[in-house]
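Common to both upcoming complexes is chain A, partnered first by chain B, then by chain C.
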Partner chain A sequence: MTLKPALSHTRLTGWLLDVYPDRTGMAVWFLDDEGRRFRLLDPYHPAFYLTGPQPDLLAALRTLRNAPATVRLVERRELGMHDTMPVTEVAVCQPIVFTTLVRSLIRRFEHVQFYQADVSLPQLYFYDRQLFPLARCEVEVTSHGIIQAIHATDSPWDTNYGMPPLSILELSLEGASFNPNHGGTFHLVVRVDRQERRLEHTDHADLLTSFNTLLQRYDPDVLITDWGDSYLLPRLLMLASQLRIPLALNRDPMRSVEIRPPRSYFSYGRILASAGARTLYGRLHIDRQNSFVMAETGFAGLIEQARVTKVPLQHMARTTTGTGITSMQMEHAHRDSILIPYRKRQTEEFKSALELLHTDQGGLVFAPLSGYHENVGELDFASMYPSIMVRFNVSPETVNCSCCAHDPLARVPEIKHHTCRQREGLVPRTLRPLLNKRAQYKRQLAATADSAARWVLDQRQTALKWLLVVSFGYLGYKNARFGRIEAHESVTAYSRDILLQAKESAEATGFRLLHAIVDSLWLHKPGATRADYEALAQAISARTRLPIAVEGLYHWIGFLPSRVNPRMPVHNQFAGVFETGEMKVRGLEVRRSDAPLVVKRAQAEILRCLGDAKTLRELREAVPRGIEIVRAYRHYLREGRARLEELVISKSLSQDPRSYRHETRTAIAAKELLGHGVKLQAGESLYYVITDAPARLPHDRVRAAATIDGTWSYDAGAYEQLLHNAALAILSPLGVESALLDRLTSPVGRVE
Partner chain B sequence: MGEPVHPLDDRADPLLSALRRGVLPLSQKDGLMLLYGHPAALVLGLYAAADRALAGEAVVYLDGANAFDPFVISRVARTHRAQPRTLLTSIHVARAFTCHQMERLVSDCLATALSRYQARVAILSGPLETFYDEAVSSDEATRLLKRMITSLQKLSRQGYRALCLCPSVSPQHQNRYGLLMRLQAAATRLIRVEDAEGLLSLYEETAGSSKQWQIPRAVLEHV
Partner chain C sequence: MGRTLTTFTQLVWQEIDAWSRYRRALRAEDQQALDILFAAARKHSAAGAYLARETPFDVMLLSMLLEQQKQVLLLQQKVCDLETRALPHPPHGVAP
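What follows is the complex of A and B.
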């Protein structure tokens, strides 16, 4: 590894790998076209802004006299304000002390308003320099590696961008099916340069030396791990510390690995766990098991999100998608000289309880007509909520603006809000390029036959889809920098009106609405062809001025009723087969993370078997074959042939494991792990097997998967019941009752 | 203050009847009143709002627990043969999702709202819930709460009545218990809400008073 190659050129072209604050500027890791990695320094001075009562402001400025900062008066705007206001800009000459300096001021001067005070410095650097992670760049540098000028030569909005030739080293654990923190013995496996190595050292010093050798030999730009944040890197670093063998995880030798502890937090009423983080300097560490975006969109999607949001890759991999959207909004604000508030204090406007009743509603749902239907078409609005925000200019500062209160065209349907028709808001300005770019990717996907290219394009468009999906939630999210509940209410009000318009258009042309959820409609019209559905989509698009497309035509679709009350329709539980043979399933075990694999497999097989049917008649004829599948799986379970991986049930800890009052299966498994010294936190996933469901002693009922040894057995009856429920959900609307299914599939004796 | 929308019928509504025996109507000397303890305190707040609206008063309702339920108000209205719409239009709600918003609502917006709606009563439902956010440091949360309490005390001196409803601090937020203690210390009237053996008990903890009321749990379950 060459850390400081001689800089013989003053102009470099290549790729921006990593950026972080340093003593006299931002450290910038650069990969040039000759494959060299440089640590450069950009003498960049990040700034924050202050305003407030004069005495407090002066006192705050007095404390800055000895700080490494320059101060000047500038004009900036608050979001939604037409006029600028004078604010004090404090540019910090030593970025590494920026956060400490700001925090101490915030603590001491409670009456001073702070802006741009907690924006991550790499992001701020990207905004100011118009750069982004992995940007293709031209840099002018001195012979000491000081950046004189830097600019991107590609755009985050390009769809055909090139990728830097990143060297990647993968690190994982052989034998870890579940969370290795819960127990087990594993081997370290390294994949690099298309080779896989199993590090089988009984001596820890040898293990570290071997790993260090690989790091030095291959000098990876990216370290991709499984369980790197919570298990692998913490243990490797602990060993390195105990044995005093420096571990060369960082490329920057002056930095230590950055550690963020695990935490639990609430989101949308659920408690979630973050595994913490181990991030590197000059090298990027991505933990596949601690990254929503990697799981949903892969590495190509992660890069896409980092490029458009300007959130550094390591952070983007671990943070919420909403952080990405917020970053995009902050960049727009920064570019337009709009102040980014440190803490949002904007409050909800008072409304009467009656108005609240009308405004505080979500999207519109028409309950499904339970049961199976044939020749059904599905129409979906493309990115409905973001499209509404763009089309109707919904943004925190445009809702209930002072200039358009009396404009009838500005009214939001049903509720008393209106949106501005004079100035485009921050949120639509942020979302418009995202919508356009995703549409462009979708067009490229449709025109590409090459499977590898399609795969990348699909990951990229999915990454953008997620950003668009969360953009709505963030309008009402409490910590969103530019959120406002009235904007959130306006979007749902528009969506309800638009869905009603779509329904009216459909019914006016002879279609019957079977079901609708917020932005999707399932329709039936005897004899209707694809062209009829396309024509309807065009008519709805023309009427609502929002894009809607035919998702597909189903041979059949089943809207499956509630399992508790079969008379009750459920809007998120259905299975259907498109004319292409592709199946769409929602709300069933095959899609649920807490169903054991054996049940998922059985249900998937039943669905595949039913999927051969093209009409309702054929569907009913396929029922006996479905029942036969259930019978075979019951036999399989009863004979004790199911493997551990097929039986494991994954559940999330809804509270601190010590706080459980009742002996639920999750609580029992958690207690078992706690007894083994495993540290657990609320929101974390647990993995267990049902061993004896009705056992009197709670600890006999389930076993944590990580503690299972050769002496275990499973409760076949309990798994048969789960299988029965999964099968019945599909088969009951086809006339198969519970007792009949049980009798026909009984492993005890075959009933003809 | 308007005319009562309907004669108050205690027999029709045992919960409201129980509240009226001890807690309602909020008198001027109650100033800053705190009901704390069992989460049902939040429901009692809804009843308190409905009670004032039934009496023809406007109410300003600050919701920090996202627990305002207009359907409860409608049910109370129907029980008392009043138009739900009448009660619902008398209660003016603003929700706070962060402690910064809650503090600002109380310090900067509440006095104006009370004056605009000609209300004498402000109900703060779960004001501390927003202060338990771990993204906000304890120091900052304490500083904001102090400011909020000062504003409430000022309103109380001006003759307004403020009813704060605070469920117990959950185990994961025990490190913020001091916030509830601060609010308790600032309250001019303090009532603890407990649930035991099918009864919801309200204990007066104001200095020099030891009253107690009980509400059958079953009454609340109908809410």
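What follows is the complex of A and C.
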């Protein structure tokens, strides 16, 4: 779809949809103000840099003689260096061969150092042209669709930006509540133009043809799917190739669908699975079931992250948030002529417990004073770690700089590091606009009453929150391009000192510290009003020069004891009711993905019932009603009325399913699925039902949810136990002991 | 004539100083309890100096225990007195 020859040399205004490397430049998909979609071409020559011992360098350059590239000597800086150094710049005239060319050089010349060699080309293009995904643009093009000039007319830092009129086609499976790859039969459902239609697939050729017709008629910019990456698109494409019916999934007819295989990886000590990807050219495919950003922040949040990080939408939807923050750092580096080091892919080594204790002391946590408290206020530091990095200039190149070693004001508390007071670092420069933009969104949110507008603002600020959250992790991460452990240690040292300063200010004015975690404090003072808490927050902000705000005042809050040892307090397990009536719950079944729905529902009902109480006295009076809820649910379970969706337990596979040595429930369910020919990988979620927990034969104990049809029954006793535990967690600090709860709710003991 | 040995009181101060980060990260009510413990250690400086042990913190810990034991005895006595007084009908022949 190039421009008609009649449109000789013209200027277009509109939005940037998609960018990817092509033969003689970057293919740029453009949506103009008249609703037309164009595939344009920007003759852009991405560059990488190299340096190293003269003979190796010359040998490397010799191999480039026949390559489509131009070579010149330029001056660039390494991060943290004051002086520039000469490096060889290689600009590649055919972007499509960039990656292959660079990789072959890296393989052959191990003594040569490469820079900017593995930055994704659309990102590099965005940095160089000062563009970003879905930017509002003006572009000058020739009659052949060659871009002469392109520039953005809005900024990624605008908070009131317009959205392109994207046409969206949604594709999902009817009846798939769990991973469809684990089994079951489904119908294909298409939602477009506010209409929903079910594609009957009695005949595969018909199915493909009617799907193709829809794609051609609506020509969507965005294809949003459920399970598109792992199930839908792979199956549709396989059918299409078997039946030789070309599927018009791609808008660019010269390209085929991009395939990335699934993989498992470690992150923060947990194993996670990524479902692989099926991405498109000229059209954006987003799989809701394979996108952390979509799940956490929705489409508005995804767009927000793509705009500020300059990571293309399809990639941003599937990658970790860390990729976004790294991209922002790379852009800053690129703009300042700082060389971006080539990232060696090394896995993070495991550290011993002692090593972790010393290097990764982390934030400060005060064990909560267990039990229920009334009249409590919570104060939270806003984005504490990023604010510390900006306020104290913590960045890999500013920690332990040579210029400020003897400046007492540069010292980090507790530990022997210092940070630079002369030059602002790369990390603070990257984070400052993010913090400002999030603060702006929060102000707008406070001033907006319209619920639709609030929804969008909240998704956008949450998207920025995630970027800020991971920015800290990337300071001490070995694989991070701009990471350094001393920077990481400095941030946590500052955070501990600041939390203690906050505690001291609170205690000095008569507040009692009930609980504190890293950047949040729960305080109590008899008779204190909101104004008292606000005044305290202001005093702490003034003292620490970091923003802290009153998160809310609670009618009551319960810090719940450990399930293993009731005398031991645990953090991150609490339930409380704000004055607004809103509840805040952490660590309980209602928030856990591995608790069955029936248990979650019962616990939520108990909490709602307790939530009506405004004082501890009213709370105690509500206990009998809470117990009655448990009794009703036990009856429901015992009578066999619970449905499959209410009973399903979801657990993530912690290892390759074939390497489980013990017959855990997860292992049994995994083996059952493997027996059905399902492919499973570590990190993936499994869904099962407890059928007979004490059974002698393992496969009688649980069943994978996807394999259940026809007759089946569940183990009521096992689910009653889960219900009991969930209720006890809330009720035991109110004086309801396990035996008492069991007696009062027993379905058999009460026959009259 | 200068003093070459640090006095036991000075040792207690040094110890208090060494625990200052621990103290800082305690809740206010727990800080008070800790201060009382170190005060107890100071109460027996003379005994500590006379013993002149290599590891003075042992001596401080024992002095803290000693003061606690005295408190326990005192409280036991008080509880006993209160219980006797609270009895509805004191048995005959026993002094109140």
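Points worth noting:
The criterion applied here is as follows: the second predicted complex is superposed on the first by the 724 of 752 C-alpha atoms of A that agree within 3 Å, B and C clash if a C-alpha of one lies under 4 Å from a C-alpha of the other, contacts with A are read in each partner's own complex, and residues count from 1 in each chain.
The rule is simple: contacts are C-beta pairs under 8 Å (C-beta built on N, C-alpha and C of every residue); 3 or more make two chains touch, one makes a residue touch a chain.
Quantities reported herein were computed from a predicted structural model and do not represent experimental measurements.
Of the two partner chains, neither chain B nor chain C is touched by A:W455.
Of the two partner chains placed by the overlay, only chain B lies in contact with A:D656; chain C stays clear of it. Shared-chain residue A:A682: touches chain B; no touch with chain C. In the superposition on chain A, A:Y218 contacts neither chain B nor chain C.
Touch criterion met: A:L513 reaches chain C, while chain B stays clear of it.
In the overlay built on the shared chain, the residue A:Y161 is in contact with neither chain B nor chain C. When the two complexes are overlaid on their common chain A, residue A:F292 makes contact with neither chain B nor chain C. Comparing chain C and chain B on the residues of chain A they touch gives the larger count to B.
When both complexes are aligned on chain A by C-alpha atoms, no chain A residue touches chain B in the first and chain C in the second.
Contact residues of chain A toward chain C in the complex are 364, 366, 414, 496, 500, 503, 507, 512-513. Considering their complex, residues 21, 24-25, 27-29 of chain C touch chain A.
The part of chain B that touches chain A in the complex is made up of residues 60-61, 68, 70, 73, 85, 87-98, 100-101, 103-105, 108-109, 113, 116-117, 134-135, 139-140, 143, 171-172. Chain A meets chain B in the complex at residues 106-107, 110, 263-265, 343-354, 356-357, 478-479, 485, 655-656, 659, 682.
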